[in-house]
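These are the structures in question, set out in turn.
Both complexes below contain subunit A, partnered by subunit B and then by subunit C.
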Partner chain A sequence: MTTSKTNPREPHSLPYYITDPTPLPSHIPSVPEIGATSAPLLSASYFIGARCAPFNEDFMLCRSQSRSGEIDCLKEGRRVTRCAISVLDDINKNCQAEFRKHWGCLENENHDLSRCRLDEAPLNACVAKFLNLTKVIPNSDGTPINDYETPSFFKNKVKAKYEQ
Partner chain B sequence: MSTSQDLPPKGGYDAIQWRRNLPSRGFRPSIYLGIMGAVSLFGFWRLSIAMRVAREEKREKTWARIHLLPLLQAEADRDTVRRHYATMEREKAIMKDRPDWADGKPVYHDGRLHAPTFVILEDAKSAR
Partner chain C sequence: MIPFEALLPYGVIIIMFGVAGTGMSAAKLLREGGNKPRVHRDAWDKMMMERDMRLTKEYRKQSDEPIAPEEFKTSSVWRASRIWDD
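Now for the complex of A and B:
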């Protein structure tokens, strides 16, 4: 917002200039947004996928089949968001300590899932016990990814750090 | 008169050492080749494991993103629609004195929702 004598024009590419606070029209039902940042979402992604697969696929099918899917698929989109919120709520209710530890590790380790296996295992066990949701990577050969051999010396060092 | 003649020593001269006297060090070359092959085989074996793990971890990350994509898309869509309706309202207010103006008529006729190609900048002081 500084103007100089050489360039009296005010800069106008600042983000608050183009914010549009107008709310959604009243004929569209409102839904709470998920409100979680990237690390909790990544940590819970497979559980969201496990529980919300029908809603997710329904939404994406609607999006791909409609020309203006943004407007036509608002209802499916609300279902997707509500389902994801329910997953996060349930995890926070039953497995909050494990969840926080895992996504805290993801934040510290550059969102690298392979460096947070030690925190992931108790979270997976807890979620499988209380929420009955399991992490399954599609089209894998059945080996749980935690059981893969980690030949890298660096990974063993990281592992040793977390075992302390 | 006794004559002395230069004669070889008794038993003859020693053999002339014409071959180079280089002691051979280390193993046979084939053994070094074999060691190199063994080290390479071990390395490629570990590399195959590492590549398999890396591929699996990449797939894991990709599927995590696929599971989250509808959620993020739905949120972004709601924002797009909100901005779209705000733009329509703004257009209606700006063009209210023009009876020949068709409100909300799209520029393109492909049935898609297009983000506006221009941005109404608010007054700097009121935006703060």
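Now for the complex of A and C:
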């Protein structure tokens, strides 16, 4: 947020921090929260989007239409959470090594997806094989991305392992 | 032929630069847990890193478990500022 003549700084006063240890009331069904931190979540984000697109869009529509935002959309939010947990569960069961390599690379490279394509290719291939989820760029023509033009020295290795 | 004593100061300068650079790099890696430092952090990155801290209790430690520990549900922290109205 750069301050300038046309964008003066908001006044800051000393912050104090609010915590709230009371749990949700018991009439709201409780779902587990997602335990993945930022790098694994970014790595799995396209696969979560591939499987959970209806729930996510439902939630976003509800949020945009509701008056109070959070309170009206708890049910849709629970569905979103459960679906994302299921995707992460499946990835951990089937493709854990490739997943860990990819998010390890992302964590090293400032969460820049374009710097970790070499580790992303095996992950995409493994997830496409075991989970039938393909990475698709939203708002594009919808071609699935399984293979980011892996270099030829690498392609045969990936192919031999995952695309028999 | 230049006597080797004349090149010793250059060696000292190069070694000092090397030690300084290595020391800085090692200090940064030690802080970030073996990764390169995060740069160009925007509000989203700051929010996610704060969430990571709440999940794993360590700076830049990641976890890929699907389900969070139970205390994560009530560990959120909101920042407010005081308003004096007098």
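Quick note on the criterion: the second predicted complex is superposed on the first by the 121 of 164 C-alpha atoms of A that agree within 3 Å, B and C clash if a C-alpha of one lies under 4 Å from a C-alpha of the other, contacts with A are read in each partner's own complex, and residues count from 1 in each chain.
To be clear about the criterion, a contact is a pair of C-beta atoms (placed from the backbone, for glycine too) under 8 Å apart; a residue touches a chain by one contact, two chains touch by 3 or more.
Treat the numbers as computed from the prediction; the structure is a model and nothing was measured.
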Subunit B versus subunit C as contact partner of A:23, first or second or both or neither: both
First (subunit B), second (subunit C), both or neither touched by A:94: neither
Partner chain in contact with A:67 - subunit B first, subunit C second, else both or neither: first
Dominant contact partner of subunit A by residue count, subunit C or subunit B: B
First, second, both or neither for A:113, with subunit B first and subunit C second: first
Subunit B versus subunit C as contact partner of A:40, first or second or both or neither: second
Touching both subunit B and subunit C, residues of subunit A: 12, 16-20, 22-24, 33-34
Residues on subunit B engaged by subunit A in the complex (per definition of touch): 46, 49-50, 52-53, 56-57, 59-61, 63-71, 73-75, 77-78, 80-86, 89, 110-113, 119, 121-122, 124, 127-128
Subunit C-facing residues of subunit A, complex: 12-24, 32-40, 85-86, 88-89, 92, 99-100, 103, 107-111
Residues of subunit C that touch subunit A when the two form their complex: 35-36, 38-40, 45, 48-49, 51-52, 55-56, 60-69, 72-84
Subunit B contact footprint on subunit A (complex, rising order): 1, 10, 12, 16-20, 22-25, 28, 31, 33-34, 41-42, 45-46, 48-49, 52, 55-56, 59-60, 63, 67-71, 73-74, 76-78, 80-81, 84, 113-114, 137-140, 145, 148-152
